[in-house]
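Structures follow.
In what follows, chain A forms one complex with chain B and a second complex with chain C.
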Partner chain A sequence: MNIFSLDWYLIAIIMFVGFYCMLASRSIVRQLIGLEIISKAAMLTVISAGALSNNLIYAQALLITMIVIEVVVVATGLALLVKNFRLHGSADIWTLSSLKG
Partner chain B sequence: MDKGLLAYLLIPLLSAVIIPFAARTRPKMADILANVTLLAGLANLLWLALRPSMIAGGFADIPGDGLSLLLVAAVYLVGLCVTFFSAYFIEEGLPNRPAYYSLLLVSVAAMTGVVTTTDFFTLYVFIEVLAVTSFALITTDDSSAGIEGALKYFFLTFPASVLIIVGIAILMMTLGSLSYENLRLFMASDAPAGPVTFASALIMLGFIVKSGVVPFHTWTPDAYQGAYAPVSAHLAGIVTKISGVYAIIKLATLLRFFDGRAQALSEMLMFLGMLSIAVGALAALKQTNFKRMLAFSSISQIGYIVLAAGLGTPLAIMGAVFHLINHATFKTVLFLNSASLEKSTGTTDMDKLGGMEHSMPWTSWTSIVALLSTAGVPPLSGFWSKLLIILALWESGLRVYAVLALLFSIVTLAYFMMMQKKVFFGKKTPASERVQEVSAPLLAPVVLMSAIIVALGLLFPYFYAYVKVVAERIIL
Partner chain C sequence: MIYHTLLFALAAVFALWAVMARKLLVSAIMLALVSVCVSLIFFDFGAPWAGVFELSVCAGLITVLFVGAVSLIRAEDEKRPENRARFYALPFAAAIFAIAAWFYLPAFVEELAAGAKIGSGGGSIGRALWGMRRPDLLGQVLMLAAGVFVIKSVFPRRTQSK
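Coming up: the complex of A and B.
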């Protein structure tokens, strides 16, 4: 077993932890944390793929851009959470059920 | 990046930066700047594509692959209709008026970026920019429904970005590059395609989630129904098409579905397309909210595009591109009409409305044009795109899909007729007493779009020549 297959095992475990965090919790904040963990695992795949194909510089360039993009997306998500909390006074995902049909 | 079209990305971005400063003391400046930017861009594009020498030459001198130019024009057209409508729709007191226009222009710029880029990483960057602006735009009026829709949109489409990132990583490892051209060359060679197809399938799955194809469609109705009224026209008309469906069509041509190198992926995509035609149409039949019904109809129409993209023959790609444009026109009309209804009656619940055809004749008639086009009634543009898709399916021997696609277009007509009967025909209900037609500026974008629907239907041979050039360039 070489170092790279170890990488990918680790990525799979982190991704599983993230999905478990999303499935097991009712709070929107914890759901967002779960999403963050999943997306960190995805970023590890990029750097691992870069190392594996001797293309580390390219992978680093991509990764830094991805981190910046992700910060923006997560900031927007947090803003939505705050707006929702101010409106409903709770962060429970199951209260979001007024739109259905 | 297609450098010839770079200006269409940068100028709205520049306007978006200028608007908050220019509109600090005079809020109306924001409306004017946004409209002028998009109108100038659209006029420029029309001259580029429709000048007499270009039409006479059969569109042979179109820059780039033609698809980018066509979709940039569609983005600007829908963007202009939405900003013009918003200028008269927004209440005077709305505090974040400049921010609203800035976000709309950034969203137009991001969509231009999506359709002009030539590698997967830039595609990912622009898709995320587009998603961020959409989250913010949905919650423009800070309503409870808007925030709920935006949160669902956020939570259910964020995992799509993860799939796209993993796909990009594996593509980098197996192909060594992320450009479209390399993928096309690789798929045209004889090398074993397994890992590259797997990476492309992951990327495609991400875009399937983002476009709301059926197993992943749950966010679509909530986001469209909850969104601020003109924004739902923007989202349904163009944003989800560009952020999801465009990339699916692009991948379908890059993976060369027509020569069977990614057979399993192609079949899977066609199955999902058919499923979303069926589920979208059947769910739309039993909706009572106008906007929610339009959202399910949107899912169903996206199904046609995905079905055609999954088939991947030149005729099917022509049908898919044409249906993408048609969908942008008729869904914008219907959503803007729902916004007009909301403004004059205060509700979009179809059970509370009725007999609006006498008090709102223009809204009623433009809705009829748009719904007949969606259902594929002959002289209108929707007929030609559905005809191309069904012909392509029949020609490839997929008779079952062809027949089902035809049958569900009758279901489309059925649910739209039910909507028209409930909202516009019949007796007046208490909610629709003393309702006035909305003012002329609010009708102008809708009438323009309806005129385009009729014109595209009647001038189909010219448009066919254009789409044929596009299909030849992106497939060969």
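Coming up: the complex of A and C.
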């Protein structure tokens, strides 16, 4: 197994852990932690592919965009968590449906 | 090569720890350590700008947001803990996935790598961001504005009814 394959093998394991977290938990915080882990794996994939194809500059520009989107998604998710917690006293993701107008 | 692979392995271990941890605060800290490992990998790849962003924004700002949210719900979470049985199964599931991936993934990845078109590798991050990908910056500003509007609409100002 060459170094590129080994990188992607470990990235696949990180992504599996993130997916498992999102599937197994009903807590909004753990759902967001799982999403973060998947997003880290996606970022590693982009930078590894950029290094492989000698396009690190464009990979970095794409990563900066991904980081901005990640922050907005996490901030929005945590804002929904706080709102849900104030209304229901629970961090259960199934109670989010009661936030609809 | 050993340092490079060690960082990837550490990121995987911290990710596993973040999911397995009983306390949410430990999970948030482990997530920050995953971010630190990822940023060190970026530096190792020769991508310092992405590394700096990852270290300051993901390991810094997002961890602060997580710790703030966790401190709010911690008492409730400890009072009514989640069923941990599914999390205890994670190491076994990850081990099965790792063994299966060891046999099936490399062929697929090597096929992907064979199709890569090698670029020139020239240019600077400034030219890439400000010259060639300027519309992306507009998208990023709009994305941040969308996040601000979501938080504004989730927490509206209370008005007293007359």
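The rule we apply is simple: the second predicted complex is superposed on the first by the 93 of 101 C-alpha atoms of A that agree within 3 Å, B and C clash if a C-alpha of one lies under 4 Å from a C-alpha of the other, contacts with A are read in each partner's own complex, and residues count from 1 in each chain.
Following the convention adopted for this analysis, a contact is a pair of C-beta atoms (placed from the backbone, for glycine too) under 8 Å apart; a residue touches a chain by one contact, two chains touch by 3 or more.
Computed from a predicted structure; not experimentally measured.
Contacts of A:60 after superposition: chain C is touched, whereas chain B is not reached. Touched residues of chain A, counted separately for chain B and chain C, are more numerous for C. By the document's definition of touching, of the two partners only chain C reaches A:78; chain B does not. When the two structures are aligned on the shared chain, A:35 is found in touch with chain B, with no touch to chain C. Shared-chain residue A:26: touches chain C; no touch with chain B. Residue contacts after overlaying the shared chain place A:43 against chain B and chain C alike. In the superposition on chain A, A:9 makes contact with chain C only, not with chain B. Contacts of A:96 after superposition on the shared chain: chain B is touched, whereas chain C is not.
On chain A, the surface patch touched by chain B in one complex and by chain C in the other comprises residues 43, 48-50, 52-53, 55, 58-59, 65, 69-70, 72, 76, 79-81, 83. Only residues 121, 124-125, 128-129, 131-132, 135-136, 139, 142, 144-145, 147-152, 154-155, 158-159, 161-162, 165-166, 168-170, 172-173, 176, 221-222, 225-226, 287-289, 292 of chain B touch chain A when the two sit together in their complex.
For chain C in complex with chain A, the residues that touch the partner chain are 1, 4-5, 8-9, 11-12, 15-16, 18-19, 24, 27-28, 31, 34-35, 38, 41-42, 45-47, 49-50, 53-54, 57-58, 61-62, 65-66, 68-70, 72-73, 76-77, 82, 86-87, 90, 93-94, 97-98, 101-102, 105-106, 109-110, 113, 116-125, 127-129, 132-133, 136, 139-140, 143-144, 146-147, 150-151, 154-155. The touching residues of chain A, when paired with chain C in their complex, are 1-14, 16-18, 20-21, 24-27, 29-30, 32-34, 36-37, 40, 43-44, 47-61, 63-65, 67-72, 74-76, 78-83, 85, 89-91. Interface residues of chain A facing chain B in the complex, by the touch rule stated above, are 28, 31, 35, 38-39, 41-43, 45-46, 48-50, 52-53, 55, 58-59, 62, 65-66, 69-70, 72-73, 76-77, 79-81, 83-84, 87-88, 96, 98-101.
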